[in-house]
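Listed below are the structures to be examined.
Shared chain: subunit A. Partners: subunit B in the first complex, subunit C in the second.
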Partner chain A sequence: MNVSAEALYVEPTLRSARRPLAGHIARSLLLILLAGYTAFSAGPFLWLASMSLRTTSEISANHYALPSILHWEKFPAAWFGSSYGTYFLNSLEVVVAAVIVLTLIGAMAAFAFARYRFRMNRVLYFVIFSTIIFPPQITIISLFQVLVDYGLFNSLVGLTLVYIAFQLPLTVYILESFFARVPQDLFDAARMDGYSDGAIFWRVMLPIGLPAIATTVILNFILLWNEFLYAVVLIADDAKRTLPLGIQKFMGDQLEDIGMISTGMMISVIPVVILYVFFSEKLIQGMTAGAVK
Partner chain B sequence: MAVVTLRNITKRYDGGAEAAVRDVSLDVGHGEFMVLLGPSGCGKSTALRMIAGLESISAGTLAIDGVRMNGVPAKDRDIAMVFQSYALYPHMNVRDNMAFGLRRRGLPRGEIDQAVSETAALLGLSPYLSRKPHALSGGQRQRVALGRAIVRKPKVFLFDEPLSNLDAALRVSMRAELIKLHQRLSATMIYVTHDQVEAMTMGTRICIMQAGGIVQTGAPLDIYRHPVNTFVAAFLGNPPMNLLPARLDRGQGSTLSVTMGDAQLALPPNLGNILLPHAGRDVIFGLRPEEICESSGAPPGAASLRTRVVAVEPLGAETLLVLAAAGCTSEIVARVSRDSMARAGETIDVHLNLAAMQLFDPQTTEVIPIQQEH
Partner chain C sequence: MKRAGAREDAGLRTPWLALSGFLLPALVMYAAFTAYPVARTFWNAFHKVLPNGNETWVGFANLRAILNNDPTFWKAVGNTLAWALVSPVLEVSLGLLLALALYARIPFARFFRIAWFTPVLISYVVVGILWMWIYNYDWGVANELLRLVGLDAWTRPWLGNPATALPALIFVTTWMWTGFNMVVLLAALSSLPSEVLEAAELDNCGWGRKLWFVIVPLVRPTILNLIVLSFIGKMKIFDLVWITTHGGPLWSTETVSTYVYKRAFDWSTFDLGYPSAIAAIWFVFVLAGVLILTSLLRSRERLEF
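Let's turn to the complex of A and B:
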């Protein structure tokens, strides 16, 4: 007689449950460790948030104090007075466009590589994936020349195309390994239900692949939002700078104005935090999907 | 209902030395429940997928109702398939899973809803229409997969080992449901399985496959009683048929006996006369476990064999005895009464119903015809 796996499973008993004092000590040590790591990770961020609401003179007087008065006016001052608004919108335009195109093209490419057998499948996949090994420092000069030749130097469109090109291999890699795990029967069932390959991609694969797609969206957004090297080489005009360039310029001009630097950094961090809050659950699902059948 | 015709169907994969399906010809009639049975890797699922249109056909012709289907896309064949893994769309609820195929056809929403509701009621799924697959049990998922096929009202239903992922008790109940469904719909169904119990209980005909080809096709009991070779004889039946090396020896006059190990069993006169031309020949002696009983209940003059009991397996409704006969290299399994008092290590005499025996050629493994009434 078959017995289901659930019936055979026995809940393991922690040895510490049989020795309460040892269990308390172990848990206390673990809490101390976790608290220490949390302070180490979140501390700088909280300090930055605190400084963003204090003036430079207040910070100079006491580096680590909490704000006695919340100087919210610093944010509009940074946005309008220091062109942070312009840099923010440039970054948003470039990164959002790049992430949308990366997600669409990357997902389609990953779907083709994962689900179709064609002659050059593995060769093409390897060619795309192997470009990851090239650091930006190797390709930047050639890219500069290519963009100049095509009239895309010092343009947000050119920067967007570069971002798409260098993030595509990672996107395809992450999505291809996820799509390859989707059972073939699902595709066969959809084919028998009368759906074309394109319809199967949009109506079956994308919804199922949402955890992996969320992972790539978050990773791409964070990487591109903070990207500095390509932007500093390929963008010349102040009006077209992205946020990392804007912060760098601001630091150069106003090196002593720690308060405004902190405020500017907070402006750049907030969208990433918001994105993570919305997508983090899917990110965890994407990372653990397939770990347990 | 539809007629499905396969003529010399062959499937060869790129780089494959052997064909996955070799020269398969089969006719499935209107409303028939045809079971493709065989061990893993025999080509039964590949054959089914070629009928479905999910695999291309390397050679041969497939026709449904006389219309050639080679190269016709799966969606245009009017076939529905139930998969081993259920293949339910995890991001859709039961209602949407069942309606997915109908929506593609552009049917009015009201018509789709009605079809889904009726099918759900038929399968007892009405309370679960808003649930997603992960919130259903294995049996419920399988019924949703079934419902998704039924709602399309196809010409042919294909089943690819749909009960394999269920536990034993659920498999028994789902088998009964499928039989009832077939009777109710009178649909043409082609069912793939490696489970001979499913094949025997569900099929109007069984097609046994091995190594990409068809070995035997026929009604379940016909194949069970008259296997064409040792593979079919051993594959059907649980426990399988006893297959023992033996020799046909001629006795006085026209009497014939079967020599197995140290034992010599006289054949009944009618069998002896039929098999006389094969005297002196080595054979494989086949006898089903239920044709062997303890001698206490045997009729007089029956062929008796002295054996040593190796193991006793009480199953509740019956008992299996694993026996060793002197000189025989293989053990013999007998299905005896549940009240058997046999113990391991004992020496007992068993009765062999030689009227039900099968003889096979040791080289070709094919059956040696014995024309007799059972």
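Let's turn to the complex of A and C:
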């Protein structure tokens, strides 16, 4: 009796005495581990950034030194001297055009699927949605044939059209799930006020759906900016290359010029970094949409 | 998912004109650049398709040739399946551990979250070139680190050796996608009811048990989605391989995607039918894989309750 009472009394104090120290050690270990993983995860990118400001001879002398002199002149050199400017503008043209059209027709379709009752609604939605899991090989060869038939092979317009179709399922999926959750009262009220279907879409759905639309815009921009397979099959001329193709070509031609390759890669990464700095939360939401249920 | 009031204004007539206005552009794009090409790939699979547009019916000859005597195809299938089965395990389990670390309210959580997510935003082309340098024999970080800790014997040209090339590339995709998995799992964890976790705390079960018996079952739907996503991503992987190894050395990193590309556009075989048949077979493989994975993981879920 006495013993057990003592045990009851001692144990909590022992525990509370042990906890903070063990807790601190565990926490510090955890932090070190996480910092290590962060270095692993972000390190290659920082290395790239540092090399983009160093010349190839400086890099060869020591691959891991920080830039001692910042060679900003490498950026105009890559832009004007190695046609990265052309590649960048091609990418920008294709991606911006694709994203604008994609957002518009994707939002319209999502609105129809989310807010109208009609036969085939779920069937059509499922058909479009299921394309998300298709491997691109199932369309790549025939798209090559189709674009040749339409006279759109090796043209930025053709690539833009393919990109629109390629990202359509994801866009419709993200927007539909958002649009469907908006309360019906808003639409009923708009209809009472005499809004047409088109006006309801423009003046009620789009403004309310703006957060989801912004997510798809940023997400599509980055995914298409980085796209490689369709571009490599559907574009042939150097003057029409997008950035990923341009980098690959430059790498093939100038294998040893690590400094300039880094600068070119940095040019392609900078727009993504800028978007990420301003919209990291939106982007993370977009990329994780659907994976969390 | 809540669908508050959606599609409930059935009392009104369906405004077909407006509806088709909303749907047609998307459906036309879908039909022209997705549905039609998919159908045409299946059509190609049964034909010999010459570059001048000449198509001759060959029946099942392509499919038989691929399945019966194309060792390169089977090598590519083996590599791709290995990638698609190993990657999800690595990415999701590492992602879960990191997410738990962040969930335990460590300092700088926001910073970590943003830093870990970055690799997934960079294109495979840039990632591929960077990792070719990291794996460089003479000055790459991988070998430099090994030399630093005195393991000189382990240094090797990681991507130039048939034994290590595929694992090295799997490592790259793991580096790239773990952060993504972590962020998704963190979102799932944060939406869990805190009482459940507190109850597990009070029941005094250890960390491992709590993880396996409480947390994992609760976020199982998310884990399932991530596994399927990662599986699909690796079943179609092309860019990274194309930039780094082109499928070599000795077919050791050949994937189905790179093989299809080579047969269609790289080798002068002048037949788009055969690679289309590979694509068609692989399409069925991917669909079957997704269905099997989903049903396996779902039925386990049902058994538990």
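Definition applied: the second predicted complex is superposed on the first by the 241 of 293 C-alpha atoms of A that agree within 3 Å, B and C clash if a C-alpha of one lies under 4 Å from a C-alpha of the other, contacts with A are read in each partner's own complex, and residues count from 1 in each chain.
The rule is short, and it goes like this: a contact is a pair of C-beta atoms (placed from the backbone, for glycine too) under 8 Å apart; a residue touches a chain by one contact, two chains touch by 3 or more.
What you see is a predicted model; the values in this text were computed from it and never measured.
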Partner chain in contact with A:175 - subunit B first, subunit C second, else both or neither: neither
Partner chain(s) touched by A:115 [first = subunit B, second = subunit C, both, neither]: second
Which superposed partner A:185 touches (first subunit B, second subunit C, both, neither): both
Subunit B versus subunit C as contact partner of A:235, first or second or both or neither: neither
Touching partner for A:193 - first (subunit B), second (subunit C), both, neither: first
Partner, of subunit C and subunit B, that touches more residues belonging to subunit A: C
Set of subunit A residues, in rising order, touched by both subunit B and subunit C: 183, 185, 188
Interfacial residue positions of subunit A with respect to subunit C in the complex: 27, 30-31, 33-34, 37-38, 40-45, 47-48, 63-64, 104-106, 108-109, 111-112, 114-118, 121, 124, 128, 131, 133-146, 161-162, 164-166, 168, 172, 177, 180-185, 187-188, 196-198, 201, 222, 225-229, 232-233, 244, 247-248, 251, 258, 261, 265, 268-269, 272, 276, 280, 283-284, 287-288, 290-293
Subunit A - residues contacting subunit B, complex: 1-2, 4, 183, 185-186, 188-195, 199, 204, 207-208, 210
Subunit C to subunit A touching residues, read off their complex: 1-10, 14-15, 18-19, 21-23, 25-27, 29-30, 32-34, 36-38, 40-41, 44, 49, 98, 101-102, 104, 106-107, 112-127, 129-131, 133-134, 139, 141, 144, 175, 178-180, 183-184, 187-188, 191, 221-222, 225-226, 229, 232, 235-236, 238-239, 242-243, 256-257, 260-261, 264-265, 272, 275-276, 278-280, 282-283, 286-287, 290
Residues of subunit B that touch subunit A when the two form their complex: 49, 52-54, 73-75, 79-81, 83-87, 89-91, 100-101, 104-105, 148, 167-168
